[in-house]
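Next come two complexes, and both contain subunit A; in the first it sits with subunit B, in the second with subunit C.
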Partner chain A sequence: MALLELRDLHTFFTTKKGIIKAVNGVSYEVEAGKTLGVVGESGSGKSVSAMSIIKLLDGNGYINSGEVIFDGKDLADVSIKDMTKIRGNDISVIFQEPMTSLNPVFTVERQVSEPFIIHQRMSKKAAAKKVVEMLRQVNIPNPEAVAKQYPHQLSGGMRQRVMIAMALACKPKLLIADEPTTALDVTIQAQILKLMNALKKENGTSILFITHDLGVINEMADDVAVMYCGQVVEMAPSRVIFGKENNYSHPYTEGLMYSIPRLDTPTGVRLEAIPGAVPHPLDLPKGCKFAPRCKYATDKCRNEEPALVEVEKGHPIRCFYPEKGVRANGK
Partner chain B sequence: MLKYIGKRVLYMIFVFFIMSLVMFFLYNLIPGDPARAELEPLKKTMRPEAYQMRYEQLRKQMGLDDPIIVKYGKWIGGVLQGDFGMSTRHKKPVVDLIKAPMGNTIFINIFATILALGISIPLGIKCAVKRNSVMDNVVQVLTIVGYSLPIFIITLVSIFLFAVTLRWFPVSGMNTPNFHGTGIVFFLDRMHYLALPLIVMTIGSLGGMTRYVRAAMIEALRMDYIRTARAKGLKEKVVIYSHAWRNALLPVITLIIGWFISIFSGSLVIEQMFNLNGMGKFYMDALMNQDYNVALAVQMFYMVVALIGNLIIDLSYGFVDPRVRVNH
Partner chain C sequence: MDNKNTPKKKKSFLQLLFIKAFGTGKKKLSILEEEQMQGPVRTIIKNFTSNRLSMTGLIVFLLIFAVVIIGPFFVKLDLSYTETSQQNVNPGLDLMKVPSSLEGKVAEISVGPTYTIAVSDSGQLYMWGKTKITSTLNLKYVPSNMGKIKRISAGFDHILALNEEGKVFAWGNDRQKQCAVPDKVKELTNIVDVIAGYQCSVILTADGHTYFFGNEANNDYKNTHNYQGQIVKVVTTADAVLGLTKDGQAVYLGKQSNGYTKMPENMGTVVDVAATASTMAAVNSDGKVFVWGNLSERGEGKVPEITSKIVALEAGRYHYTGITEDGKAIAWGFDNYNQASVPASVKNSKVVKLFTGAYQNYAVTDSGKILTWGLKGYLLGSDDLGRDILNRLINGGRMSMTIGAIAVIISTIIGVIIGGVSGFFGGKVDIILQRIVEIVSGLPFLPFAMILSALLGNALSSNQRIYLMMIILGLLQWPSLSRLVRAQVFSEREKEFVTAAKAVGVKQMSIVFKHILPNVISVIIVTATLDFATCMLTEATLSYLGFGVPAPQPTWGNMLYGCNNSIVIQNYWWRWVFTSIVLGICVICINLTGDGLRDAIDPKSQER
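After this line comes the complex of A and B, so read on.
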């Protein structure tokens, strides 16, 4: 059974200009001990769908309908008060910006010890010992000294390690990683990803990995969900998505793939980019949401909305023309 | 850290002497003849020659004919030993005269400051947390009105309302005339008289501070680390009063400490209007009566308070914000 299952989740934001449907009927699953990678451009609803799980939404955001089944329990009905017992304990989060995600006025020790104190009712002293242990686990050199330091005395990579230590403090069942390496150097990024994979194996933690970087997904994820305009447009095991003999794909996934620079691309060939931009959530196109940017789009695409259909087992795609060979040769 | 404080203190001493020099020279530019003022009552009873002789003698005795730098030397020498000279009006040492109004001002201001901070900080935080709610909007309107009204308008209106119409509080003064009580009875009587000035002072300072706390708090609540704190599973109370407030404190601390320092300086307007014997009124009276030794002493006192206050504010920054601590 899946550890986490989103079923037809709708998360909306009320604004002065109208209701923004940031997440519009999303379903995905995270298997126990596995990593689900969620990919998509900014504004595709990937972060909002993840934050809906622990109700960490901005003031005007709310879950309109749908279920969030975590460990057999629907979290969509849980009050914020009860949610505080789950946050940081069963489900933890690592955020994108290590530079601003730590509180500048508290020491590392104070911040990392908080989960121990609130969820495991440890004394400050016992928690402080655990902090050093955690910092050592995330490969921070000289953990005793770093524990007494303030965030501004640490580098970006170190801060992200501290964030990971804090997130993993209570050995959560699920770790939500919201673009954890986007703000880091490539070398540091590789170290952090390696660390997360090692910790995942060690603790059996499931990871919901959110990113816009397909390269990172390839390295991290067992399964992949591609999101566009608040909907999942394709879902498959990552070996299928990245596999050479994959016959089916969503044109958006295809576009994302083509837009990655490759070492074996012949010289002189231009990098292909998806034209246009993500439509404004208050002004969504009729029909398939991706149609205006899709090079294969037909009149049918522009007028009717495709459903998420399983083209082969465990591989649903939201497109009228999921077969690569067919759509490439014209309608 | 100690080195930093030492440096700052040396710098303060330097500024102290420069300022004392400037102020002394400025006060000496003011026309006036203390010797003549002193002898004025005797003028009619004495023969002109005897009066003139007495006058010359007194000028010499008071050191009025000395070069200005010698006068400064004598004065600053006294000041450093705690002797600010005599009040020409009251014929008493300035130090003895200043004790009562300073005590009163500190007493009033401590109450007003604690009241104002005690109301404005929680109110500002509440408004920030419940931003754009009905309560927040009401407070926003009230504080902008309070902030915009000059203090003397608030004073006049509240005297009319609470003292004249409702007769809850006395109109002015600090105690019932010829009051002979001690201990708690005396304190209660005094508080009855001071209630209205305290209310006015609190209302006057409420608006600005509440808005300031609210703005700082909204800024802090918007930060990424607040989301992190919530993601950890901290209760909303801890998130607000510990994680957010500690950060909102950084811009507010200057104001708060500034307030505590200002408890030494009286309010000219309020003390005049309620006829309270405080520093503001004391200073004003000294200036009106050309009692320059007193005025100069009050100014020197304010200057020292400002110098020490600035040092405390700078040190407090390091205390609340680890990023500006000087020892790293």
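After this line comes the complex of A and C, so read on.
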């Protein structure tokens, strides 16, 4: 049984201009001890779907319908008060901006000890000891000294490590990593990813990894969900998606793959970018949401909305023409 | 050890303090060196201490603060104390400044309320202290051609003098005709003593007759008393006359029957009499002292038990002194200015003559030295009820600061809670709370506070009115702070660390008050500091207008109450100048500190 299962989740935001359907019928699963990578452009609803799990939505956001089954319990119905007991304890979050995710006026010790004090009712002294232990676990050199420092005294990579230490403090079952490496440079990025993988193995934590970087997904994820305009357009094990012998894919996934520079691309060939931009959530196109940007789009695509259809076992795609060969010839 | 060769490495503590305070010892870093990373608090302190102006402000404020907080433990305030004889005394500590030329040749010293007059052996007149009674009346202007003075007497606001030829001179306040020597007295040739009292004068002749002139309504005196022809000494209280007959009997020279007439029985042979403002005393040939009259808690009746015999009595306004047969001075009675505490220097020497009056004592020793004790004067003058302004300034400062501080605490608590909740939750909560803020800040402050204290004030006791002041000030001061806090919380709550805190499972209220508030605390501290000054000023304004803290309890505001007429402003400048200066300096210093704090917390504000 999956640790986390989203079933037909709809998360909406009410604004003055109308209801924004940020997440419009998303379903995905995170297996225990596995990593699910969620990819997509900005505004595709990947962060919102993840934040819906622990109800960290902005004031005007709400779950309209759908279920969030976590450990056999539907979190969509849980009150905010009960949710605070789950946050940081069973489910933790690492944010994108390590620069601003730490409170500037508190020491590292004070912040990392918070989950211990809240969820495990530790005394401040005991928590302080635990903090040093956690900092050592995330490979921070000289943890005793760092614990007494303020966030502005740390580098970006260090701060993200502190964030990870804080998130893993109570050994959560699920870790939501919302673009944890986006703000870091590549070498630090690699270190952090390595660290997260190691900790995952060590603690048996499942990770919901949100990113727009397919390279990172390749390194981290067991399964991949590709999102576009608030919907999952393709889902597959990562070895299938990144595998060479893969016959099926969504044109959007294909576009994302083509936009990554590869070592084996011949010189002189330009990178192929997906034309256009993500449509405005209040002005979604009729039919397939990706149709206006899709180079294979037909009239059928523009008028009818495709359903998520399983083309192979464990590989659903939301497209009328999922087969790569068929698509290319049709053109 | 050879100190010359050791290099001077360590700085003295004072130097370090100076550097800390004025930041001149700033270490210059070379371009390759990096500035040491510091925590936010240290950075703020460092920034603040390097700002000389605000640091000076803080130090001055702390000094004033320390004086008004610690001062009242040493300078006790008696709320019910008033003293008519000490009204509007100029600032200065010269009430007992005996001229050095008088040393060794004192014939007589007579003490008035704020001045002292003395005669030397050669009949010359000396005067010191505050001789200015009103703007036009000054006792310094003595009549000319008095010749050699034999006896002298200082009254409440006039002086009597008797010269060698037996002629009486009187000058000073003549409103009750106490200086108008009657023709009958002028014709006398056998005058031996003159006694000046409160608005009255008494003349004593060698054949034991007394003559009285001045205010007869206030002083109980019967011209045809039964003892004419027997009197050898006369003393006066503030409203009665006591005589000593030649056969050793203390006699009351008035018409009425009152506290003074209830003399102790079996006094024996009285050798000396004396009188304070409201009591009389006599000492008999055995050296026993009897005190009667309108005895009060001031302690005139508490004669100390001593082994040796008292031979002579003297009296001040509320205390007695006496000389024993072996030349020791003793004193008892009211001791508010230490006038009844004989100093060690006097105790250790043989006293030949002792002169006491008002709050001063002069002891002439066998070596001719004049030793003094008692009230030296008022450093900052006295007010219209004879109270020491310095004393009230210190005690009033404590009250002013307490009111300011408590008002600020009340307003800060309300402002932070309302601003924090309003900013964090936003939406309807914010709309409702902001309307309340608008209503409160829309209230016209001064009229509202006046009406409130006028309405409630009369039904309340003095203490309750002080609490009322604190609450009124606190309840009307918070809107500006709450708006600032709200704006800050608005911007802080959108930051990622708030989401991060939520993700860790921190409860909403503790996010507002534990996570967001520390980020806003700088604004709160600065505003609270500046509000403290405002509260003190507002309290002063209200008290000055008579709507604040009621009268006997001093505050810096109500000390200025009643100083708003031209007479006080011109003639009694010390009654408003010192208070205003201290209040002004204090408020300016608080504001400097607040501004300095603001700059220290947000160094960018200086660049703007």
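Side notes on the structure shown:
Please note the rule applied: the second predicted complex is superposed on the first by the 330 of 331 C-alpha atoms of A that agree within 3 Å, B and C clash if a C-alpha of one lies under 4 Å from a C-alpha of the other, contacts with A are read in each partner's own complex, and residues count from 1 in each chain.
The working rule: a residue touches a chain if its C-beta (ideal position, glycine included) is under 8 Å from a C-beta of that chain, and two chains touch if they have at least 3 such contacts.
Because the structure is a prediction, the values reported are computed rather than measured.
Upon superposition of the two complexes on subunit A, a steric clash is found between subunit B and subunit C. Shared-chain residue A:Gln153: touches subunit B and subunit C both. In the superposition on chain A, contact is made by A:Glu114 with both subunit B and subunit C. Using the contact criterion defined above for the overlaid structures, shared-chain residue A:Leu214 touches neither subunit B nor subunit C, since it reaches no partner. In the superposition on the C-alpha atoms of chain A, the part of subunit A touched by subunit B in one complex and by subunit C in the other spans residues 54, 56, 80, 84-89, 92-93, 95, 97, 100-107, 114-115, 118-119, 150, 153, 163, 166-167. Subunit A contributes residues 54, 56, 59, 80-81, 84-89, 92-93, 95-97, 100-107, 114-115, 118-119, 149-150, 153, 163, 166-167 to its touches with subunit C in the complex.
Per the touch definition, subunit B reaches subunit A in the complex via residues 223-225, 227-236, 243, 246-247, 250, 320-323, 328. Contact residues of subunit C toward subunit A in the complex are 37, 39-40, 426-427, 495-497, 499-508, 515, 518-519, 521.
Residues 54, 56, 80, 84-89, 92-93, 95, 97, 100-107, 114-115, 118-119, 150, 152-153, 163, 166-167 of subunit A are the ones that touch subunit B when the two sit in their complex.
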